[in-house]
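First chain A sits with chain B, and in the next complex the same chain sits with chain C.
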Partner chain A sequence: MGIPVTPIQHQPKPVHASKHSGSLFNYTLKRAGQSLITVLIVITVVFLLMRLLPVEGYFGDGYDKLDASQREAVLKSMGLLEPWYMQLKNFYVDLFRGDLGTSIIFRPQIPITEIIGPKIPYSAYFGFAALLMSLSLGLCLGVFQAREKGKWFDRLGTGYVVFINAVPAAVYFLFIQLYATQAFKLPILFNKDKPSSWILPAICMSLGGIAGYAMWIRRFMVDELNKDYIKLARAKGLSNTDVMFKHVLRNAFVPMAQYLPTSLLMTIAGSLYIESLYSIPGMGGLLIDAISRQDNPLVQALVLIYSTIGIFGLFMGDVLMAVIDPRIKLDKKGGAR
Partner chain B sequence: MVQSILSAKDVVIKFSLRGRVLTAIRGASLELYEGQTLAIVGESGSGKSVFTKSFVGMLDTNGWVESGSIMFEEQDIAKFKGDKQWSTIRGKKIAMVFQDPMTSLNPLRTIGMQIQEVVELHHHLKAAEAKKRTIEILTDVGISSPEDRYSQFPHEFSGGMRQRVVIAIAIACNPKILICDEPTTALDVTIQAQILELIRKLQEQYNLTVIYITHDLGVVANVADQVAVMYAGDIIEYGTAGDIFYNAQHPYTWALLSSLPQLGIKGQPLYSIKGTPPNLFNEIKGDAFAPRNPKALKIDYVERPPYFQVSPTHYARTWLLDPRSPKMDPPETIKHMREKFVRYSV
Partner chain C sequence: MTTKKNIEILENQALFELANYDASESERTGYSDYSYWGSTLKVFLKNKTAVLALILLGVLLSFTFVQPYLPGQRDPNEINLSQETFRQLRNVKPTSEFWFGTNSIGQDLWARIWRGTRTSLMIALLVATWNIVIGVIVGAVWGYVRSLDRVITEVYNVLNNIPTTIIMTLFAYMLRPSISTMVIAMCATGWLPVSRFVRTQVVIIRDREYNLASRCLGTPSTRIITRNVLPYLVSVIMLRFALAVPGAIGSEVFLTYIGLGLPLSTPSLGNLVNEGRQIMMIASMRYQLIFPSVVLSLITISFYVMGNAFSDAADPRNHV
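Our next item is the complex of A and B:
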């Protein structure tokens, strides 16, 4: 009796498919890890930068009214007298317990989740509505511009893009607020119980996005249109519409795909100018306010949210690209495109 | 006698460019015979591509066929307008292969889908049948393990393999005519021969009529039954490969052949044609080649020569063939070729 020999299994592997999906998983994991590290670096750097600001900032207008010992007591109560590495450690310990801390200046002693929480839905609603409008209208505009390249529709669209980009946004935002409210009998300020007051801010917010998406998709489509494989697709006998949608649009979408998730997620960030114009209680401007008043925990929490969103968006964009563009090599270093 | 399959008569093609009108093709005529291989030769900008593009309605949007007729299957395709009419011909009965296989395929779609698209479009097959047919075609163009290759992307193919795929797309629905626009220019020499051989093989298998557009006279000598020489938007000489290589009549054909490195004499500088082709924005009077022809006749500057028949298969547009014109000897190298031809044929 010899040793039982396990037959070596010679199954022909579906080489391509398995390699691709396997490395896509690895790639996603790797990029996720990198993204997480990036978020941590960003938040740590911001944390340290905030600690480098002069302590006078923490007192606002009240600085002169306090004497040295009172000031020290205030700083101590804010936990700012500990060495920076202890502060950083405490911050991370709290963070991993899911505690973002409390505001120290903006609205003292109020948990940050309570400050930010109610604001997110407003910004997110407007952001989402604007994104939906700018994506659908912008892409349509761009696609038809590319189709009608050089004709009057294309010129009209380009005119719109140039107008939006060249004229300061404040000019047409104000114009819309002043005249559109009169013309269409819409409320001039935001009121969460009046649905009609939601319309104008959402439109204003989408104007820039429409121009941006139209410009980019048109540009990418025109790039693709001039490529040789489009000539071949035509020579195959495909109709103009088939060429446009099956070949040009799909390929033009690849460079767009990288930025779509970011813009999708960034909608909750809100728009500083429009929110103040229509007095919408959103997130826009909160970060600037918090920085200028040195409300450290609030700044940290906002930076954490924004950087997570931004970096997660980029991560999603990269994964999306890898999924739709077969040319992206996933296994080799620096092989992407 | 072989049958004519496509016949172009006095085709004039114009382009409007920045408000000016350019005449790219100035009354060119061409007869294409079924099952044969026609090579169209000429320098860059002579209108080779533009002329053949008009057979499939793929002129750039600023160009149009001004006059003349292109008869194919009892229809004048020069009068075709719009995608709908062309879809009965383009890709279905007349297919094209382009110069650069590296950029001719859509980088984001699998090879299989790009071929299948044509099969489905023109044969109206179901997906499974279309896939079977696609794999057959891949085998026909010499791609090994076609089932695996079917789901691969263009970047996983070499240049020569991609050109095979482009050819597969072209022949996917049994076209009558295959137009190859410099099919081997972008490939290296060893691959060139393979691709030419493949086209020759497919020509027999699928009973194709092939048009080669090229400026490589080596390729022409290899593959062509008929040769058309183009200069400044006109076919100035037309005949069998033998007619053109050994009994050329037009001074431009002489000059073109004389500049072949293979015919150069060792130690002497290689012949080159002086001057530049005429500006197609201007109206060309007389023989377009006259300004570059050191031995041009007076009438060459005044009136355009008609086609003179040299033999039943051989036509040339030069006043030299008019009985009234003085006897003009072709250059030494051409005479040398002729002698070789005479010896060869006797």
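Our next item is the complex of A and C:
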């Protein structure tokens, strides 16, 4: 899980070449059905992958102390000795009852909803703050870069974008934690009662997003400002600001709309690096912890949540885009964007 | 019937015969002294930053191979002992003897960094090559062959929705940590974004007039893909390749960070940074974090800058 801000790529996503010619409603319904099937397949694949792991992981440190029959008893109590299709069936039956299961290793016998519940708000707060910052600062940076194209401000911004994109996040996060805490006298670790300890993690999380949005909007504007409709708007006598806000930014918002729902929903996934560096009790490292300790129910639940969010986000994005841009048709021509 | 009329009929018939595909005919063009790669190189060399990055990378890469043979170098895994006390020379700050100091068990950081750079670059290049090759092949087929579009799109949706973290972590757990495990884990899904990108590009240009014309003349699909479509994408593919290298180095750092990295006996930039991270709170030992981080950043930034410059240069619209 990097930073929960999906960088915008200026390319259409693979669109399902939908053959029906119908309304937004039909399209929505059909996409919802497809999304549901995808979620089910993803869960099943991950479920089967988890069963490929060696069984030692289920015992923690106690593996060597148990003899064969004890091991078998433990496995049986976890329901792991049944054939895989029975396990899969049980999993789905529980799921339809709304039961995500209980953790078996991470925090034994605790319902998964109870484990995840308190963690989500932390990740969501930080994620949301970071998303807001990346959007506002990123767009501003990009817009000014495009205006100052070729001048020192643009070069500075490009330098920042290159640095953030090229250097692995872990490296600059470390240095920020190391030196920014000293320079600004901020606490090194997160403490929920100390508001000053919230600042750095949120800023760190937004760095990647700022670079992504800035790079994208700069390129968009540089391309767009040469187009005829902008020249017409200028010729009509619109001021620069009006051209910017009424024409360019409004057009820029269309491709962004596709990714915004995903970015927004994915904030609850948290950021692994940030949360472990500042020891924030969020969702960030939970998935990796769960995999490394082979807590199958927890992994399944998390994958279920993440993939549902991911797929649902894309779906929302497509619908949102169709709603705000009247030019986009979701019927036959939809694939030819 | 006269012979003249016969000839006329024959000639007319020739007009209605299929123009069969002829490889040598399709190569024939008017003469021009424009050379694509020559112009690309020329434009690339004009970009000073990119040339600097290229030189830097060349020097770094060749140095990692030359360094072990230089006089007075230590083995990266040798634990250095003091001559007098026979104690381990732990956490020695950079001196004339240990240029980058030593780590917490007395290994020479200078030697480790160069060995690590070599390992990391090797992993990154392998992964990047694999991801680009597979991504381009799958993407080209996905985009060009209409009947497969539906199927591959669905497969993509499934694969793409399994979190990468899960796949990498699973692979790293199922197999012992080693260079090949790491490469496999990173290759497993790394080609997905490339293939989607190539697919989109192919869909955009597959029905351009020149491709339609080619198809009407009976050019085989493979030839259209390799001769008409892919050359158009050279610049973006090269850009993807150049960006895949920093990406792979980042993944290596990530895998090491979550504890699935290479064993310490195989130094890599990932585990050197991670080692440095563990002691970064002690101000006097920070050199152990700073040196590997600087080398790593130089490499990733160079690749990034070079990739961007090359993709600009490879775009014929930028040729004079």
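To be clear about the criterion, the second predicted complex is superposed on the first by the 308 of 337 C-alpha atoms of A that agree within 3 Å, B and C clash if a C-alpha of one lies under 4 Å from a C-alpha of the other, contacts with A are read in each partner's own complex, and residues count from 1 in each chain.
Note that in this section a contact is a pair of C-beta atoms (placed from the backbone, for glycine too) under 8 Å apart; a residue touches a chain by one contact, two chains touch by 3 or more.
Note that the structure is a prediction, hence the values are computed from the model and not measured.
Room for both chain B and chain C is found when the two structures are superposed via chain A, with no clash between them. Contacts of A:N165 after superposition: chain C is touched, whereas chain B is not reached. Touch criterion met: A:L49 reaches chain C, while chain B stays clear of it. Using the contact criterion defined above for the overlaid structures, shared-chain residue A:L272 touches chain C, although it does not reach chain B. Looking at the shared chain after the overlay, A:G101 reaches neither chain B nor chain C.
Between chain B and chain C, the partner in contact with more residues of chain A is C.
By the touch criterion stated above, A:I288 is placed in contact with chain C alone, chain B being left untouched. Superposition on the common chain places the nearest Cα atoms of chain B and chain C 12 Å from each other. Common to the chain B and chain C contact sets on chain A are residues 16-17.
Those residues of chain B that touch chain A in the shared complex are 56, 58, 83, 86-87, 90-92, 95-96, 98, 100, 103-109, 117-118, 121-122, 148, 151-153, 155, 166, 169-170. Residues 15-17, 227-229, 231-240, 246-247, 250-251, 254, 324-327 of chain A are the ones touching chain B in the complex. Within the complex, the chain A residues that touch chain C are 1, 9, 11-14, 16-17, 38-39, 41-42, 45-46, 49-50, 52-54, 57, 162-163, 165-171, 174-175, 178, 272-273, 285, 287-288, 291-292, 299, 303, 306-307, 310-311. Across the interface of their complex, chain A is touched by residues 149-150, 153-154, 156-158, 161-163, 165-166, 169-170, 173-174, 196-197, 199-201, 243, 246, 249-250, 253-254, 257-259, 273, 277, 280, 286, 289, 293, 296-297, 300-301, 303-305, 308 of chain C.
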